[in-house]
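This is the structure I want to talk about, given as structure tokens.
Letters A, B, C and D mark the chains in the order given here, with residues in each chain numbered from 1 onward.
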Amino acid sequence: MPASYAYLGPEGTFTEVALRTLPEAATRQLIPYVSVQSALDAVRAGEAEAAFVPIENSVEGGITTTLDALVAGTPLMIYREVLLSITFALLARPGTDLSDIKTVSAHPAAQPQVRNWLKANLPDAVWESAASNADAARLVQEGRYDAAFAGEFAAARYGLTALETGIHDAENAQTRFVLVGRPARPAAPTGADKTSVVLWQRDDHPGGLRDLLGEFATRGVNLMLLQSRPTGAGIGNYCFCIDAEGHITDRRMAEALMGLKRICREVRFLGSYPRAEMSAADVPAPLPGTSDGEFMAASDWVARCQDGRF
Amino acid sequence: MPASYAYLGPEGTFTEVALRTLPEAATRQLIPYVSVQSALDAVRAGEAEAAFVPIENSVEGGITTTLDALVAGTPLMIYREVLLSITFALLARPGTDLSDIKTVSAHPAAQPQVRNWLKANLPDAVWESAASNADAARLVQEGRYDAAFAGEFAAARYGLTALETGIHDAENAQTRFVLVGRPARPAAPTGADKTSVVLWQRDDHPGGLRDLLGEFATRGVNLMLLQSRPTGAGIGNYCFCIDAEGHITDRRMAEALMGLKRICREVRFLGSYPRAEMSAADVPAPLPGTSDGEFMAASDWVARCQDGRF
Amino acid sequence: MPASYAYLGPEGTFTEVALRTLPEAATRQLIPYVSVQSALDAVRAGEAEAAFVPIENSVEGGITTTLDALVAGTPLMIYREVLLSITFALLARPGTDLSDIKTVSAHPAAQPQVRNWLKANLPDAVWESAASNADAARLVQEGRYDAAFAGEFAAARYGLTALETGIHDAENAQTRFVLVGRPARPAAPTGADKTSVVLWQRDDHPGGLRDLLGEFATRGVNLMLLQSRPTGAGIGNYCFCIDAEGHITDRRMAEALMGLKRICREVRFLGSYPRAEMSAADVPAPLPGTSDGEFMAASDWVARCQDGRF
Amino acid sequence: MPASYAYLGPEGTFTEVALRTLPEAATRQLIPYVSVQSALDAVRAGEAEAAFVPIENSVEGGITTTLDALVAGTPLMIYREVLLSITFALLARPGTDLSDIKTVSAHPAAQPQVRNWLKANLPDAVWESAASNADAARLVQEGRYDAAFAGEFAAARYGLTALETGIHDAENAQTRFVLVGRPARPAAPTGADKTSVVLWQRDDHPGGLRDLLGEFATRGVNLMLLQSRPTGAGIGNYCFCIDAEGHITDRRMAEALMGLKRICREVRFLGSYPRAEMSAADVPAPLPGTSDGEFMAASDWVARCQDGRF
């Protein structure tokens, strides 16, 4: 049996398309799961080598079901991320004309991306929500609705035709997906990496969160995402999911994480992995005093002082 | 026509129950709306005096649809908040026995609160999602499902009986609701108040968010909620919805907000209002140096120095 | 009797020269005092309108006798500052040749400035300390020593000739003097001002001094001098004399001072006055978010929010 | 030839007394030098094993000549510190009565400590400054003055009698002395140690000094002394002599020093050595999250994360 990747199904969604952009996906069995939680649990249970799930998009921000499933349960680790631009096609049965369309269907999450297009082109069409965009396409195939918004790639699978492609109300609509596995040595740094952690504060006091973020700032580490999630201890109790620029083997990141570990009640490491949107050549130089070389020089200097050689 | 309050419908939900705990609700016409956005837009359009919507709960954290509807569009203001403990009743048609129940229904958000109870008491029941808990009750009344999880208060409205009450997997499950209206002079401080704002950073750099939070910390203002929300400018671009302890007429809060206004690209004030969970007697004393009296004494001192009287 | 200025005597020193650069000195009686303390006490006692004393130089830093005399006793205020470049002349009786000089005299503070010159030009001359450079000149006049290092201006007063002028080992040797009077309304801001204060910490804890300085930094106020001085409460107990860029009527400075007043055990305001080394045209623009205009706009915004007009 | 210690002479001063409290002084040749600079230069030149000099007192604060001599020149290191309470005896020739005393002498630094006593007991005595207290005693021995203020220990050496002992206007008058040698491995930590460093800022900007101090504060390191000293680059240019609680082998101190090394233009390590005023039992526990154990646990945790074992 080949190693398998679990992913948030069903087949024919943007998640599957994003997953297939990973070269290693070609050599794995790809198994759709009905929920993020079940896909991650398959990894925890050893049924899948890794799970591929959406974690952030430009409309919703951090995807809470994914974050919550990473925050609780046995530790998992993000291996990779994939960034996918989200544009929709309007799919219909062959022979359908735009003027024939009375009902349209898609997952509710698609609505913000197609609302303006609908208003301009099909102002009278009735919206019918579906469990997924792929499911909407299936229902169109079955004749239940006239057209579906889905990825263009779903047309072939469901025997439909794309009447229009590239539909997107919001420019830059993107979804970020992650490949999640059991803890392992993180991928080697590429020079354009990010590190994900979850922080639980020791107690709540003025300046508490400021001080947590100060552990990053003091070492010149930039934050990319800060998403608060309920801890389950009652309303108003939050932990913080954070993405920061850099790799855990970068000295500045390692020292920042050490600082957090010392002052937080708990820190969960979620992985260091290459940034999907950027290569090393595009990453700005670290702030003065925060490069690996400067960290090592400073460490050497302290060691020499400790040893009386200065 | 009496003044009206819009609220997130349908009738018979926890939202309506929470709304009715407000004394002023008795003198208003209460009108259910199909979405938070439409309820808030009714206020913006002048069709309703105020809107009552959920904004945070102990399972989901900040409720993103509400936050997003407050963050964008013409400014609105939070007048009041209500905190409601969420426990479910299992409602069925009179004469139904627990052993008769094959299908149960509720809004998907109810699931985390009843999952353990279901596993223990109705392990074989099939779950059917409904658009709201009230809708689930209606569908039970119509005979489509056998039982619904909803607030006990929904039983009478739909001619159902509560087979069990007080169902709640998570202790301390609570939802926070807010009454939102057009900008107005905030309610007078009670000594136990909170202030809500939205912050947009001027630019992104290491320490940027730490410095924003430092404006609160420097003045001894404690944070209660920090929820990042996408700005719409593409993935990774966030604004921050913040609840902080204190009233905008508190000197420490006023100075913190001034500081934020100076360094942020934009600050949206969402209101100062009494804290639902706490009265003035329970609020801890401000940190040394941050009381109104100390602020005023310091201001007087600077004025005397500016005037040469010291 | 004309109003009088006390100054650190005797006559014929750099202090007197610096004092005479002030236009108003021409209309006052200038009275030398034997010490900084006695000159300041003359002001406190109402015997002099103001006192003119050195407060900082490029070799010693803050001049501790002056700082201590300002820190203790009834409050005084700095009205003006004067910056004087310090170069020495070698003064001898007329007819003296360089080769005749066996003994040289000056105040010990002059030594670091003439040491290299002596080594190069009079390697065998014996150094004799005097109570002041002017006194050294007097002793040369009386024939006790062969030559004195003093300001060139002292030659005429003591009937001496300058064998050499412009002697200065250190480039940029300067002394800063201040005109100190009783508390009064500070001079109007010129756009290039400084503010002097003394801070006493409330208690001693990690980060305590950092937090004091943070009150300046949060408002974008730059520090020019930080000089610790013993409080008199035993070894290791210090207060801090601080010069900061800006005027107490600048909004950022006023708010920083308010912040310090709130968290310090005591703050003593020592005045806001024009910077001697710089005019408004040379002062860099304030950091973004810290100009008076931005402070006022932020204050207006908070006032509008407090009033419900936003 | 036995190893020798240089010290700030002459013989018979408080410095010598303090030096003799060190057990190792009994086995060294103790050689008085005319200045702190010359004593330290003797160490630099290899003529003395170490030098013993005053570095801080409760009246003057940091002793600038000592600090300046440590800041410039080839690096030296503080090995030990000694704290001495300073009280004076009034010494006179045998047979002298208090009423016979018309002139008193001492080093000017003694004046603040005996001024009140003089006013109360010898209001008409004329003050004559001497080069040192020991020198004043010698001049009394020679009959030039009637009495000298000096340490009681000086009586025997100069054949004088103490008419009064324990004279001290200020309670808690103390002087701190240090034994300074060439760089060597610092003494092992005792649990009650201090570390001395000199910092030069990279550039001058609002918040610059705050950020330097933040390197200590972030790691919970408390400061004991901050003394600014001119850099020699012109008025207003300062470096900072800092004493901080803890030993360079403490993890929190090592990390703070590394942070400073990275952001400062230059850091000079001046040594880690036992605190004279306190033993390990009296040192308060480190702040939560800053003990060696917590640093090591955090470092281990990061190493495990880097290795995929978490």
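Going forward, contacts are C-beta pairs under 8 Å (C-beta built on N, C-alpha and C of every residue); 3 or more make two chains touch, one makes a residue touch a chain.
Chains and their UniProt names: A, B, C, D = Prephenate dehydratase.
Worth saying up front: this structure is predicted, and the values here are computed from it rather than measured.
Trainee: Measuring from the mean C-alpha position of chain B to the mean C-alpha position of chain C, what distance in angstrom results?
Mentor: 58
Trainee: Distance between chain A and chain C based on Cα centroids, please, to the nearest Å.
Mentor: 60
Trainee: Roughly how many whole angstrom separate the Cα centroids of chain C and chain D?
Mentor: Comparing mean C-alpha positions, chain D is 27 Å from chain C.
Trainee: By residue number and range, which residues of chain B touch two or more other chains?
Mentor: 214
Trainee: Have a look at which chains touch which and call the overall pattern line, ring, star, complete or other.
Mentor: Topology of touching chains reads as a ring, each chain with two neighbours.
Trainee: Which chains touch which?
Mentor: Chains touch in the following pairs: A-B, A-D, B-C, C-D.
Trainee: In their complex, what parts of chain A are in touch with chain B?
Mentor: 56-62, 64, 83, 170-172, 174-176, 204-211, 213-214, 216-217, 220-230, 232-238, 277, 287
Trainee: Going by the contact rule set out above, which residues of chain D touch chain A in the complex?
Mentor: Touch list, chain D to chain A: 75, 77, 183-186, 202, 214-215, 218, 248-249, 254-255, 257-259, 261-263, 267, 269, 288-290, 294-295, 297-299, 301-302, 305-310.
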